[in-house]
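For clarity, chains are labelled A, B, C, D and E in written order, and residue numbers in each chain start from 1.
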Amino acid sequence: MSLETLDSGQEHIASAISDEVVIELSKVNKWYGEFHVLKDIDLTVYKGERIVICGPSGSGKSTLIRCINRLEEHQQGDILVNGVTMDTNLKNIDAIRRDVGMVFQSFNLFPHLTVLENCTLAPIWVRNTPKAEADRLAMQLLERVKIPEQAAKYPGQLSGGQQQRVAIARSLAMNPNIMLFDEPTSALDPEMISEVLDVMVGLAESGMTMLVVTHEMGFAKRVADRVIFMDQGEIVEQNTPGEFFNNPKSDRTKLFLSQILAH
Amino acid sequence: MSLETLDSGQEHIASAISDEVVIELSKVNKWYGEFHVLKDIDLTVYKGERIVICGPSGSGKSTLIRCINRLEEHQQGDILVNGVTMDTNLKNIDAIRRDVGMVFQSFNLFPHLTVLENCTLAPIWVRNTPKAEADRLAMQLLERVKIPEQAAKYPGQLSGGQQQRVAIARSLAMNPNIMLFDEPTSALDPEMISEVLDVMVGLAESGMTMLVVTHEMGFAKRVADRVIFMDQGEIVEQNTPGEFFNNPKSDRTKLFLSQILAH
Amino acid sequence: MAVLEKGSPRRQSRSIIEWLNDERVRSVLYQAIVAIAVIAVARYLFVNTSENLQARGMSSGFDFLSGTAGFSIAWTVLPYEAGDSYFRVYLVGIVNTLIVSLVAIVFATLLGFIMGIMRLSKNWLISKIAAWYVEILRNTPLLLQILFWFLAVFSLLPPPRGSFGLLDMFFLNNRGFYMPAPVPGAGFDYTMIAILLAIAATYAVAVWAKKRQMATGQQFHTFWVGLGILFGLPILVFLATGSPLSFDFAALKGFNFQGGVSVPPAFCALLLALMIYHSAFMAEAVRAGILSVSHGQTEAAYSLGLRPGMTLRLVIIPQAMRAVVPPMISNWMNVVKNSSLAIAIGYPDLVAVYMQTSLNQSGHAIEIVAMVMLFYMSVSLTISMALNYYNKLVQLKER
Amino acid sequence: QQSTLDIVKSRGHLRCQLGTPAPGWYMLSDSGQWSGFDYENCRAVSAAIFGDPDKIEVQSVTSAVRFTAMANGESDMLSRTTTWTLFRDTQLGLDFTTVDFYDGQGFMVLKDAGVNSALELKGATVCVATGTTTELNLADYSRTNGLDIKPVVFEDSNVRDNTFFTGGCDAITNDKSSLASTRAKAPDTTIFKILPETISKEPLGPVVRQNDSQWKDLVMWSLFAMIAAEEYGVSSANIDKVIAETTNPEIKRMFGVEGDLNKGLGVDPKWAYNIIKMVGNYGENYEEFMGEKTVMNIPRDGSPNALWTKGGLLYSPPFR
Amino acid sequence: MAETTQDDVVFRPKPSLPPPPNTVGVVGWLRKNLFGGPFDSLLTIVGVSLIAYVAYSLYQYGIANAVWEADTYRECLDVTKGNGACWAGVSTWMNGYMYGRYPDVEQWRVNLAGVVLAVWLAPFWFPKIKAKILVGMSAVLTFPFLAAHLFLGGEAGLFLQVMVAVAMTLFATVWLNVGASYLGYPSLRVALLRLSGFENKGDHLHKYVLLGAFGVGFVIAFAYQSTWELAAVPTQNWGGLFLTLVISGIGISSALPSGIILALGRRSKMPVIRVFCTAFIELFRSVPLITILFMAVTMMPLFLPVEINPDKLVLVIVAVCIFAAAYMAEIVRGGLQAINKGQYEAAQAMGLNYWKMMTLIIMPQALKVMIPNIVGNFIGLLKDTTLVSIIGLYDILLMAKASGQDGKWLGMHTEPFLFTAAVFFVVCFCMSKYSQHLERTIGGGYGRR
């Protein structure tokens, strides 16, 4: 988790935050059985904003972003995504999921489909894109993540870094306006981490709204508009990276930062 | 693969090579089906000599040392180990294996036996050593590889570096006069590599005849009496480490060295 | 240890001990011993058998196959009369075995899928019911289950006079299940042609729909349209040509229903028992297969916006099949083998008519048992060949 | 080759093959005891050889394997409802001894089916047991009379009978004696009718292995002894008295009081005495297992199973 | 930046609140598991009615209308009119269903053998006991002889007597070992040495002490067993559940060694051996057990010389063993395939020969992987042994049939079948649960971190 992971320069990438709200969580509560995992979460994300979420293991980071595309169901409070309320209405859920892409720690590529088919599956079946069109788009995206030559291979034949890049391309193929990342680099070997972070930096440069759960503090410093620190199901502190790293407010944050930067 | 891996000083360890031949390969040829994997290999190893074998992947390094204790059968040429001819005679094979220890890349410890039992199995069943005696010897060896306190654990409970050290102790328990190492550190995390190399250096200091397949060039420089470079089933070049690294003869060797030291 | 000269002790004459220590010699020796032992045992058995046959005045050879069997068989698919030969009995038995096994395989597979999916249902009650279904069926002997279906269900159906009837066309009673038999009239050929055309057309529509989707992205309700064509076209032609098909309805005459097509209760009971027993095993295969696809796959599909149905069809099932099919196919094999228990309730399968009745009548034990084994082995070989082929087909590409 | 008698003697007991339990013929009680009409034959032979009717190891096997179990020497004799046919006598390595029960195959139907003759069974479904001559007879009968009968074949007689009771067959066919036992199992025994036709001859009797005539003689004459005893009025109850009082030289020869008829058989002179004393004569056995007081309830008078003196077919050659 | 300063906001986690009431507790559970949606609710209602109907019918037949005491089946019928069960017959015949025709006065021998086996294997479940493999091996290898002698009775040959004595000695050894462990000795071996005072004398003397102790035990056992006078009970009289367990027990325990040999043969590098083993396995796996049984009873006698007429039970057991071995071979092969090649190579490189490698390294690992499958196989075999009733062996199923032919209970067949089914279900279900438990506990491996 060294700050040197990104070899290119360290200056912060300019952001283009509009004042359009794309995600709004208010008083969101969630329980697993008796266990209170999200406590009164309030969070507003503006269009084009890039948010990094960090916090100790088990603090509810994954749960939080998984609530945003309804991989988990929250029990209290409201979640609005792109103005659509997250409730039990299947139409709403579909609409939200179409606009929100997600990248998982363990890639979750479909092993029975080629890389290209992985990227065209959703456009063809959800967006009714013609195949030729979908293929073209997918190839563009694969070029963007720098692996166009792997299009015909199966996921099992790729290295971890390549697989994660395919996963990003696959999400982008649905042309989402929000991307969620859940520890996208933590299953990777050190050499491969930078490959994937490079792609994510590129994405940030293009103005995508991003929520990233990660412990890559170099990435956070360089890309994030806001860093959110969670513990025990709460948002303890949120701030710009500069303030967050240099001037943390809460004692909990300080403790966490001292641990994570000790490596 | 950096030369800094060994923290202790870099001066070459004095060797005590006698002129007694312990391994002699002459015109050894081997095929896998149609594929000619070893081509006319000639190699003489003297008692106490320490040889490092390197070369690109698939060049036949593993195959070569596996022929020396008959894990693979060669088809042409003669192999003599400690004066015993390697042929189809089971007695000879047994005799050779008793004198030759081997350490594998993936440790291959026996997961159903404790560390101590791993080390005493062969002495008890092959050398008919009494159990008490075997236990005593094994504990000595575990001390030598610096993990006597792990004797009662199962391999699954140890880290990779510890496991590899157990594997070395296990081989030594048969009191071999030749040790073969097949990439003993390449399955290890960087921090653990030096643990294992330290043990191997210690072994070298004690005068053991060693054949080591490795890409740890620091180790080669410090320990080897001779470095052998293989490619496409042939021995391309062999020389003292000084000459080999500073003054390689063959183009192929030069290319290889440039790649491996580029990291 | 002296310095050795190259290749010194290689070619010296070797003692017997040394010779015996040679890996290759030993290998040949072991194999020779085994081969000799096997041959000796085979010869011993053969000699004994021929002596025994002679001593007991029993004949051997396959001549009996052309002899008259003399007994009749309750229900056959192939035409058969008591005057037919033993060889005919063999064939009749094979066909009877295959018919009941095939039908059982089809239904057991369907039911297995339903039960396997039920067991994974989020509804606690449903998944528990499925779990107990599997446990109860897997843990009681099939033989008992066959007897149960036969005695406690099919034997308790009403007699022909009180049959359960449906539309006066289908009847179920303790003599079996009766259906109308179609009797094609003049001009029915056209309907047949229409059926073939409809199949071709459905296929064409499917291909076209796929193409269109690929080209324009539009999805098409192939299934419903196909269904329409498949049934609509033949019915139209059928009506247009003046309905040239009559049915031979089963009707109560004398003791029983006459006419129509019928299957005996033993068939129904055996079918049901095999189907239900094996569906339990198949349910397990299905469950394991689906569970073998990690939950991450579902989540990934959902987060791409795929709906549950599509996720199942495009992502989960293709991957699950890889794990489901091999145990499923060996289960099919077991259905065929277990159909031999038909003997307990009098369904005339191969073992019942051939290994039981024919063997009893003719006394040709060796020939008959060998022929029966031959049949089962060919089935098994065919199935395992199919399995290997499938495994090759679906192997995941790895690095 | 050793004779069976020697083997049996040296073994110390008789291996007698019965069928799986069937009422009247061979029945197993909950305490594990065998009894039955056919079982008495075994007891008779045992009594003749050992002077003890219970030195028997019962082998009870399904009909499918009965002949192999005989032919391979597993059983010494087979005493189960086995019909004597030319094929079986000549091609299975077996010898039939004599007939102890004249049976014939018949049909049984429900009374309210309104059937009075087997010839009315056109198109009927008929329950039958597997692997027996019954199956062949039915096929023959159906073919000869153009009845187009559908047989439903069962391995297990309970299953078969139950199928018939619940209406799974229009009729059941079997040896008439067994029809009686089937009827006895029904919840209501009064609703059945046995049709008058007898479609086959079913002579039943013990079977031994071929080519051992001494053994065959012993088994056969043990049976004859029981038949003859009845003919002479000798029963287990009165045998001692009869022997003491009789003047009939045949009886004296038979029971070993005079002569040495036992010599050829290779058994004790009192062999026949033991049989009658310990097992009883034919009539006694019939009464006990087949008679009107039993579940079988098969009347003897006027049937072929009456003594020849009473118009039946049971006839023993002379003991001379 | 790590040090905490005065003006820090101190983080106090918000208290965890209880979840909203409609998501937990009974209501939450019902909502989540039974009435998750309209379709789910419908399924639940259908399911409940189905269960209710089945339960009601079973209750009516099995309890409400059932007759528990009667002397004949006809008495039952008079009461039930066929609408209820006649458990009276089943209870009268219970002894028969359990032991077949095994004489009543001798049945203690069967029970004794069962108890001995249970006690023998009990240390398996004692956490303190080491060398569980040895406990299992000693039971599998020698218990059959003890059991055979107990079951058969009569004159035992010298070999059988010796084996019986060995079995008894080993049994005692197992339990003395348990005793020694709980008295605080590391093992029986050490206990013996300590008690005899030989512990500190030369190592080479130890084995004489141990052998001596075993010898004394053996002599005592031999002397004791030669005083037994057990009446002979021929196999024809064996039956019921007892016979079922004998057949499947022998089948499974012999299947393991022969399955291992076949599997090794099938993986052998020697073509002749490989071909024979493969052919054997495939032949017997591809045909139904019933045909093998038929073959055993109809054809084996033809294959053997006239003088040998093997017991029918022996033939059947041989057939079952062959069948089970073929299946077991495939399980073993699966287990062997799960062991990676490195283990073989490491063993060879250490100089172990083929058999030592197999017994010390490969098999212990493979067996562990195989246990759940072995239990599964045992369940299958146990169920399949019902087929021996078709060829006339008086197992529990044929006894059930026979009880319906008994003069008194003529016509009773449903009840015995139901009873048999229940017995099988209970036995198989327990084993299947046990194997699932094993699968869960074993799977992980050896003390993973």
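Keep this in mind: contacts are C-beta pairs under 8 Å (C-beta built on N, C-alpha and C of every residue); 3 or more make two chains touch, one makes a residue touch a chain.
Here is each chain with its UniProt name: A, B = Arginine ABC transporter ATP-binding protein; C = Amino acid ABC transporter permease; E = ABC transmembrane type-1 domain-containing protein.
Quick caveat, the model's predicted, so the values are computed rather than measured.
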Next item on the list: Please identify each chain that touches chain A as well as chain E.
Entry: C
Item checked: Least step count from chain A to chain B, where 1 means the two chains touch -> 2
Note to self: Going by average Cα coordinates, which chain is farthest removed from chain E?
What the structure shows: A
Checklist line | Winner on C-beta contact pairs when C-D is weighed against B-E | finding: C-D
Check: Which chain's mean C-alpha position is the greatest distance from chain D's?
Finding: A
Checklist line | Nearest-to-centre chain - CA centroid comparison | finding: E
Notebook entry, point to check: Roughly how far is chain A from chain C, going centre to centre by Cα mean, in whole Å?
Noted result: 50
Checklist line | chain B-chain C separation of Cα centroids, rounded to whole Å | finding: 55
Notebook entry, point to check: Which whole number of Å gives the spacing of the CA centres of chain B and chain D?
Noted result: 84
Item checked: Whole-Å separation of chain centres (CA-atom averages), chain D against chain E -> 43
Check: Among the residues of chain A, which ones contact at least 2 other chains?
Finding: none
Checklist line | Of all residues in chain E, the ones touching two or more other chains | finding: 294, 298, 301-302, 306, 390, 413
Check: Could you say which residues in chain D touch two or more other chains, in rising order?
Finding: 64, 68, 71-72, 155-156, 159, 162
Notebook entry, point to check: Who touches whom among the chains?
Noted result: A-C, A-E, B-C, B-E, C-D, C-E, D-E
Notebook entry, point to check: Taking the complex as given, what residues does chain C use to touch chain E?
Noted result: 27, 30-32, 34-35, 38, 45, 48-49, 51-53, 55, 121-126, 129, 135-136, 138-144, 147-148, 151-152, 333, 337-338, 340-341, 343-344, 351, 355, 359, 365-366, 369, 372-373, 376-377, 379-381
Margin query: Which residues of chain C touch chain A once you look at their complex with the stated criterion?
Written below: 213-219, 294, 296-297, 299-307, 310, 314-315, 318-319, 322, 396-399
Notebook entry, point to check: Along chain D, where are the residues that touch chain C in the complex?
Noted result: 63-64, 67-68, 71-72, 90-93, 113, 121-125, 130-131, 135-136, 138-140, 142-143, 149-156, 159-160, 162-163, 166-168, 170, 210
Notebook entry, point to check: Where on chain A does chain C make contact in their complex?
Noted result: 69-71, 94, 97-98, 100-102, 104, 106, 108-112, 121-122, 124-134, 153-154, 156-158, 167, 170-171, 174, 180
Notebook entry, point to check: Okay, in this complex, where on chain C does chain B touch?
Noted result: 1-4, 6-7, 9-10, 18, 21-26
